[in-house]
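Per-chain residue numbering starts at 1, and chain names A, B and C are given in the order in which the chains are listed.
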Amino acid sequence: MPNAFWCVVEDDRAGHPKKVMAEVLAEAARLSGGRAEAVWLTDRAEPDGLRRLAEWGAGKIWLVEHPGLAPYRGEVWAPVVAGLVAAQAPRAILGAVTSRQREFLARLAARLGVGFAADVVGLAMDGDRLVATRPVYAGKLLARVAWARPPWIATLRPNVFKPADPVAGREPQIERPTVTVPDGALRLAERREEVSTGLPELSEAELVVSGGRGLKGPENFVILERLAAVIGAAVGASRAAVDAGWRPHRFQIGQTGRTISPKLYLGFGISGAIQHLAGMRTSKLIVAVNKDPEAPIFKIADYGIVGDLFEVVPALTEEFKKLLGK
Amino acid sequence: MKILVPVKQVPDTATQVKVGQDARQIETGGITWIISPYDEFAVEEALRIKEKRGEGEVVVVSLGPDRVKEALRSALAMGADRAIHVNDPAFNEADTLLTARVLAAVIKQEAPALVIVGRQAIDDDMGAVPAQLAELLGWPSLYWVMEAAIDAGGRTIRAGRQVEGGLEVFEAPLPCVLTAQKGLNEPRYPTLKGIMGAKKKEIKDLRADDLGVAPESAQLSIVRLETLPPRPPGRIIGGDVREAAHELVRALREEAKAI
Amino acid sequence: MRVELTEEQEMIRAMAREFADKEIRPIAADIDRGARFPQETVRRMGALGLLGMTIPPVWGGSGADAVSYAVAVEEIAKACASHAVVMSVNNSLFCEPVHKHGTEEQKKRFLVPFASGARIGCFALTEPQAGSDATNQATLAVRDGDHYVVNGRKLFVTNGREAAAALVFCQTDRALGHHGISALLIEKGTPGFGVPRVEDKLGLRASDTAEFVFEDCRVPVGNRLAGEGMGFKIAMGALDGGRIGIAAQAVGIAAGAWELALAYARERKSFGVPIGQHQMVQWMLADMATAIDAARLLTLKAAWLKDAGQPFGTVAAMAKLFAAETAMKVATDAVQVHGGYGYITDYPVERYFRDAKITQIYEGTSQIQKLVIARAVLGEA
C-alpha cells in the first residue's frame, strides 16, 4: 500500500520475530492510522512467526525468504529492500535498535538518498512531517529531528514504545515479491556463541543489585544473587557489608569503592550514607528497600519500598520472574 | 596497504553540554574536544595492521571546522602517517549522509584497501556514517568488529562482528569498511616522539570543490535541542509486600522502562 | 606577553594527564601503602618518552622543551607524587648532566638507555654530614692507574635501589675543598658498590630512597663526567634544572589535593548546606586556587627562561620555594576541608598531605632556596 509505514523485522534467527516488533508495529500503526506493514528478510519464516506479526498489527507482510539472506549482510539486504521501496513507495521504514538493524537501515537510507535517525525514543506527526526525538551527547540532551523527504527511516529503542495488544487469530496477509538476491562478497566463516559468564561485571553492568548491613550476614547475599540472576544484574555492596567480610572489596560501591552509573540500581538494607551515594548517585534509576522510612537513601530514590528486605526480595524475585517469563 | 580512518572530534564525555542560542546546536565555548573514543579504536587497529604487515600507510580524515586539526594532530601523534582535513562551511550542517558522501569522495581519491571507522561518534550517537559510506562506495561492511586479521597477500580480511549472543566471523575481499567496537583493542597513548613528530606530518586541506561534492541540504536536520526533563520526585510504594513488589516491577517496566 | 601553551605542549599535557588518570591514579593508594616501587608504570612512562623528555632523540630522548617537562611532571604528580619524583630525578639529575657533560662514548652507555627509559638513573650527592652543606663531601675517589678507588657513603638516594647506574659525587682532591669534587658514573653491580638499606618514609612511599656504601669500589677513569674538580659545578647545574621538576611536582601535589577538596566541598553537607557554601571553607578554596596558579606560573617562567637559554637558577629557586610552600599549605587545608575524613587513610587526601612535605626538603630545603634567592638579589653570587 503506498504511504504505508514499513517495519523491518528483527527475528530470533529461527523463524520468529522478536518481541520488540510488537512495539515497532504498534508505533507504525499509530502514526500511519493503521497502515503498518512488515518487511521480513530471512532464510526461514515459521507460520506462527508470521501469524504473530499479523497479531501485532502488520496489515501486510512482505516476505523475502532466501538462504542468502542469513546471516544478515548489508550489501545483500540493501538492494533487495531498495527494490521493494521503489515499487511500493512506503512513507516510513522503521526498525528496532539492534546491532544489525542500525547498520542496515543506515545503509538503506544511503542507497535511497534519504535521512536516517538512529535510536529514536519518541515519534510524532507534525502536520505532514514526522518528527523524531532521540538522545544525544550520552543522553545529556534530547534532539528533535525531521526528514527532508520520505521515506522516513529510523530505528526505535526497545522498551520505549508501547506494544499493541495482540489481536488473536488475525490471519497474516503475505506477499512474496519476486526479487533477485545478490551473492554478496562477505562469507560467513564461523559463528561463536557467547560463553555465559554468569553475572555481569559491576562497573559495566546495566543493572546492579546492592546489599548493605541490613542483610545481616554473608549467607543472606544468596537472596540478592537469586534476584540478580533473574534480571541479569551484577551484585554490589556497601562498605558496611564489605568491612564485615560478607563481600570482597571489589564489590564495594562508594567513595572508597567503585563508582557506577547503571541504568537501574536496587539497594537493599543500605542506609544511604554520603560515601555510598558518591558511588552510585549517577545511576539512571534508583530503587531503595529499607525498613526505616527515614533512611537517607529514600531522598535520592526514584522508587522506594519501606519494609523488611527478607520479605521484599523474594516477592520481587517472583514478580520479575513472572514479568520476564522465567 | 593503505588504510583510511575517518575521525570525528567530539566534546569530552566529562564536559557539560548546553543548548546554544539557536536551540539547534550546542554552546561550543569552554568545551574540551577529543577524538571520539570509538575512532581511537579504529586508529589503533589501523596502526596495528600496518605494524604487523611491516608496510603500509595510515591516513586519517576529518570533516569539520578549524579546531578539528587538533583531533587530526592527535591521530598523527598516535602514529598515523598523514591527514586530510575537509574544511568547508558548506558542510557545517552536514547530516550523516552528506558526511558519508564527502568521505566517500575522499576515499575515491585515496583508494585505500581498507576503511576503519568507529562504531559511532559519541556526540550524536548516530552510528550511521560507516554503513552509508560502504553503501555509497558499493563495498561490503562489517559492523561492531571485535577482531580483525588480514591475509598475508593483503587481499582478504577475516573479521568478527559482535551480534546479540555471540560473534560472527566473516571473510571479505578488500576493499571493505569495518566499524570498530570497544574490545577490538586498547588504544595507545601518543608518545612524546609521536607528539613532537606530528607537526612535521602533512595535513592536507580540502574544500567541497576539490572533492566535487555538491553541498546539498541535509536529509535529516535538527529541529530543536532540549535539555532533559528534571528528575521527578521519588515515590514510596505502599501496600503489603506482595502488592508493593508487584507495583514496583510494573512501574520499572512501564513507567521507567528500566527492565 | 603571552601566557599560553603551544598546541604541542597542550598535547603533552593531555597525554600525561590521561596516562596519570587511567594508569597511575588507580594504583597510587596501593603502592603508597605497600611502599612498592611501580615498575610497570615506570616502564610505560619510559616507553612514552617521559623519562628523557628534554634529551634529543639521537640520545634516546624525546627532544621536548623544559616547559613541556614541567607540565608533564605536574600532571603525573597530580595523581602520584612518587611517580613524579622518579621522573624528575631521571630527567633532571641524571640524564641532563650526562647529556651536558658526557663524552660521545659516555652518552652511548649512560644516556641512550636511560633517556629512553629502558633503565633508570639516580643522583648521589647527600652524605650523612653533607646535606644542605653539599660542599662537605667525604666520599673519597683515589686515582689508581686508569681507575678510581671509591670509599664512602651516600644517603637518601632517590631511585637508589631501582637504578642501573648512579651519578656519584666524590672528593678526588680533599685539599681543594669543593673544587676537588668530581662526578663519577658508577654502574650497579660494580664490586664494592653496595645498597645496604632503603628508608621507610612518611610520604613518597612508592619511591625508593636508598643508602649507598662504597668499599674499595674500582671505577674506570673513563666514567668520570667532565674534568676532575668539576663535580660540584655539575651538581649545582643539575639541581637548578631539578628545581623546575620539583616545583612542578609540588604544583601537581597541590593541584591534586585541591581537586579533592573541591569535590568534597560540593558533596559534603553540614548545617543543611554543602560545606562549600560556608564562607570560611570558600576562603580556603580561594586561597588554594590563587596560590596554585601563582606557583604554576612561576614554575613555567623558570622553564621558559631555561628554554630561552637565559639564566634561570634564581627563578627556579623561587619557583621551587613557592611551589613547595604552596603544596604544604594547600595539602594541609585540603585535609582541613575534609574534616575527620581527611585524617583517615581511606581518603586519598592524606597521602597528598604526607607527600607534600618532602618538596620543602629535598633538592635544597626551603631555607636554602631563600639563601640562594637572597644572595642573588643582593648580588653576592
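Keep in mind that, in the parts below, a residue touches a chain if its C-beta (ideal position, glycine included) is under 8 Å from a C-beta of that chain, and two chains touch if they have at least 3 such contacts.
For clarity, every value in this text was computed on a predicted model and none was experimentally measured.
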Nearest-to-centre chain - CA centroid comparison: B
Pair sharing more residue contacts (C-beta pairs) when B-C is set against A-B: A-B
Whole-Å gap between the CA centroids of chain A and chain C: 53
Distance from chain C to chain B - Cα centre to Cα centre, in angstrom: 40
Approximate Å spacing (C-alpha centroids) for the pair chain A, chain B: 22
Residue numbers on chain C that touch chain A, as the complex places them: 267-269, 346-347
Footprint of chain B on chain A - complex, ascending: 71, 73-75, 78, 98-100, 102-104, 106-111, 113-119, 131, 134-149, 159-160, 184-194, 207, 231, 263-264, 284-287, 293, 298-308, 311-312, 315-316, 318-320, 322-324
Contact footprint of chain A on chain B as seen in their complex: 11, 13, 16-17, 19, 26, 95-97, 100, 122-136, 138-144, 158, 160-173, 176, 179, 217-228, 231-232, 234-238, 241-242, 244-246, 248-249, 251-253, 256-259
Residues of chain B defined as touching chain C within the complex: 70, 73-74, 77, 189-193, 195-196, 198-199
Residue ranges of chain A in contact with chain C within the complex: 255-256, 274, 278
